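Chain nomenclature is as follows: A, B, C and D, assigned in order of appearance, with residue numbering initiated at 1 for each chain independently.
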Amino acid sequence: MNSVVFKGESVVLIDSNFRKFILCIKDKTDKFKGIGVFNPISLEGKKYGELIEIGNKNFWILKPSLMDNLNALKRNAQIILPRDAAHIIINCSIESGNNIVEAGIGSGSLSIVLATMIKPNGKLFSYDIRKDFLEHALKNIEMANLSDYVSTKLKDVTTGIDEKNLDAVIIDIPNPWDVIEHAWKSLKIGGYFCSFSPLISQVEQTVKKLRKQNFIEINTIENIQRELIITDYGTRPSFNMLGHTGYLTFARKIL
Amino acid sequence: MNSVVFKGESVVLIDSNFRKFILCIKDKTDKFKGIGVFNPISLEGKKYGELIEIGNKNFWILKPSLMDNLNALKRNAQIILPRDAAHIIINCSIESGNNIVEAGIGSGSLSIVLATMIKPNGKLFSYDIRKDFLEHALKNIEMANLSDYVSTKLKDVTTGIDEKNLDAVIIDIPNPWDVIEHAWKSLKIGGYFCSFSPLISQVEQTVKKLRKQNFIEINTIENIQRELIITDYGTRPSFNMLGHTGYLTFARKIL
Amino acid sequence: MNSVVFKGESVVLIDSNFRKFILCIKDKTDKFKGIGVFNPISLEGKKYGELIEIGNKNFWILKPSLMDNLNALKRNAQIILPRDAAHIIINCSIESGNNIVEAGIGSGSLSIVLATMIKPNGKLFSYDIRKDFLEHALKNIEMANLSDYVSTKLKDVTTGIDEKNLDAVIIDIPNPWDVIEHAWKSLKIGGYFCSFSPLISQVEQTVKKLRKQNFIEINTIENIQRELIITDYGTRPSFNMLGHTGYLTFARKIL
Amino acid sequence: MNSVVFKGESVVLIDSNFRKFILCIKDKTDKFKGIGVFNPISLEGKKYGELIEIGNKNFWILKPSLMDNLNALKRNAQIILPRDAAHIIINCSIESGNNIVEAGIGSGSLSIVLATMIKPNGKLFSYDIRKDFLEHALKNIEMANLSDYVSTKLKDVTTGIDEKNLDAVIIDIPNPWDVIEHAWKSLKIGGYFCSFSPLISQVEQTVKKLRKQNFIEINTIENIQRELIITDYGTRPSFNMLGHTGYLTFARKIL
């Protein structure tokens, strides 16, 4: 690993509030939201891990990690949070080399996690019915240098899945039950179905449909995360807490 | 992917309560806990995904996934649960090709998750001070066909870490603060430190030490998971819930 | 307050595991579950607050408090836990002097809390369709010396409520929505309706019915309680935690 | 209960967002925050439970309940929320007729709950070291018509408690451990000590001190509350959730 910044690389800048900005080192002065007007080429030759100054603000400069890519992502729709993506990865046994279908693509946050996990030999097929969502997500995926592993597809996943022998089908649309039959046909034996739904009625309808198909290990979980705040005065759980993101339902194809 | 069972393969048998048993297809009659006495070679030629009968019990037969490997694991110590492993993966930005140190190895549950994520080109170095733990964990790792990616090491990690330029150092020992200096030296710039601790005082001591070193993005989370039970009578959260596993503390090396 | 035990009084015995036994000081040798065979009159003259010995076990002897009455209660049905009773009290603004209807009575646990709060001038009317439940609950209520404040009634509350101008109507039956019209008629202006339901579909049906009636401040909460364990080794949340009891729905009558 | 508004009464006005305003029916035009400029005497003769119009806003008019008093309370300090007050009531077995000491008084929110529960024959003694807090809280207590049951006292509770034979001592100050000896002396046998603390180190110090004194049934709980949102689109837990208020520690005096 090189220890200084080269032209053409992507870097992440992290400010004192741990807000993150990913940018490409090219010779073009521009306005960057949260940073200001400057020319990224001025960062060429900086040492990774150093605190640098742009304008009168300080930033740590690092090579972007998965979490950097997720935290710096530009949103145009509700995203699947890293915490829920984590449970999808583990409960669907996602690993390097897997072939996966996801729908819809949203802002591409889950796509970035999935593509990171399946690379270099796996492939992610991302369906969405909105062209603007696909384009926006693809920009985020490109910024994360993951476009080689992702094929976007302007198609309604409830009309069918083109791919076969998939390791997982992951659904974040309002009516996941309409994909279950297609998912069964496209999954390999032992492959995983997953749906993310904020509403309980969505979960009920999905689970009832899964039980009528040849799926086993059907289960639904919700995950709650709370930060522990440690100061010189003492330690306590954070007052700020997200009460709900969505329910994750998992199932596994058998014959 | 072949669709029938071959000699020499590992298979997972899943019973009606979703208990899982991993075994190797070889010609040797033996007693298997939870299954009974039988010869695995009798499964040769069975179709993956079918419901088969052994004795008078029924089992689904599948190729083992990561979750199968975790669920079938033999424990001799407290394990890091898949839910916590999931948060470690995502918050440490673990991906294929990473080089990681973990300590201690416990029963190898986290080792199995980490090895699965970093393969085929990454490497996991697993430290423990107890030879019996290393040996027991290694059996679990072998059963999951992951031993190529794991090096076990009989060494007290608080005395130093031999490897350099690591993507992550993940610590599950009673005194994680004693590893922080070693971790900093062995991590690459931007690499992640993680510790798992059940007690709040452990978290406090770890976080205070991290703040004195060159680490940023220091944060501690706890994760709670609850199942949603869906029956013909109605839907409700599960009465059964684990109140606590441990706190996860994360930090990232800078210069 | 007298400081020694007199004949005819109720006392609570608390063992080293904080299990509680309420008994009446009378001259009759008997077998007491969790204590053994002995004559309660032998406790006459003991000092309240002392550690006494019965057989070879030690017990603290105290005058029964509300929590003692709840903890010592004999169950024959699922009970409303003190934590949920607490939220009912505060959200229904229950206070001394209130007149309340509850249904069903279960084992009388909520009856004991309500009667304690409304005494000495209030009255609790407890409906149930099962005579054995009413009789069992009444024994628990008598043991808590609260029978003066409770009228039990063998009646299906969905067929109507006899009382008028009530401060609160509290419903713990499978179909609370069938009581809403009766509750509205029997409540005073500004009086509170409350239902306790484990299932989400029960909550939905109740809330939708409440919205069609003249009720305001309709809201549903779930409460989760976790113990903090403090030992010489350190502090952590309890591993044991009840994942769910039930949802509490509240509403308030207007014209 | 009279069904129309009389001069001299306190009423609560509830707007469409369920914000609450308590005011006294007297003949004096004034400016009321959240309502506007008007003369309360204009409400004389209105029917309780009706929707009335003031300016161009609609309000429900009701007789104030305990929850109304709490929701309309004017804050000048962090308050103990109704949910935590509920657990204090039930775990300290508070009932009508009890004599209680609390410190500090804050904005009087807990005072209002306690006074409501102990009236008409009980008494609450509220200590605080800040005169402005006592005065502000007393205004809230008077607005709730509870001043007959509350004695405020400008005194540092860590220097001693004047009252004896108390049913409960409830402490919300930064150093509750400094009150434990005084509490033991002032409590009746079987009486309850309670402290409310946001920080874990406060809980630890309190519990360790309690264990050295003659207290039993020492336990610490945290309570989490989440709303269930029911709409025409479906049902889900609320996204908004308070992650932490404070830990409640309880203990009981023995000899």
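Criterion: contacts are C-beta pairs under 8 Å (C-beta built on N, C-alpha and C of every residue); 3 or more make two chains touch, one makes a residue touch a chain.
Keep in mind the model is a prediction, meaning the values are calculated, not measured.
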Repeat of interface A-D, chosen from A-B, C-D or B-C - more than half of residue-number contact pairs shared: B-C
Euclidean distance of C-alpha centroids - chain C vs chain D, Å: 22
Rounded Å distance, chain A centre to chain C centre (Cα mean): 48
Distance from the mean Cα position of chain C to that of chain B, given in whole angstrom: 45
Chain D: positions in contact with at least two other chains: 200, 222, 226-227, 235, 237
Contact graph of the chains (line, ring, star, complete, other): ring
Inter-chain touch pairs (all): A-B, A-D, B-C, C-D
Residue ranges of chain B touching chain C (in the complex, touch as defined): 198-202, 222, 226-227, 233-244
Chain A-facing residues of chain B, complex: 1, 3, 14, 18, 47-51, 60, 62-63, 65-68, 82-83, 85-87, 89-91, 93-96, 113, 116-117, 119-120, 165, 188-190, 192, 200, 203-204, 207-208, 216-217, 219-228, 230, 235, 237, 247, 252-255
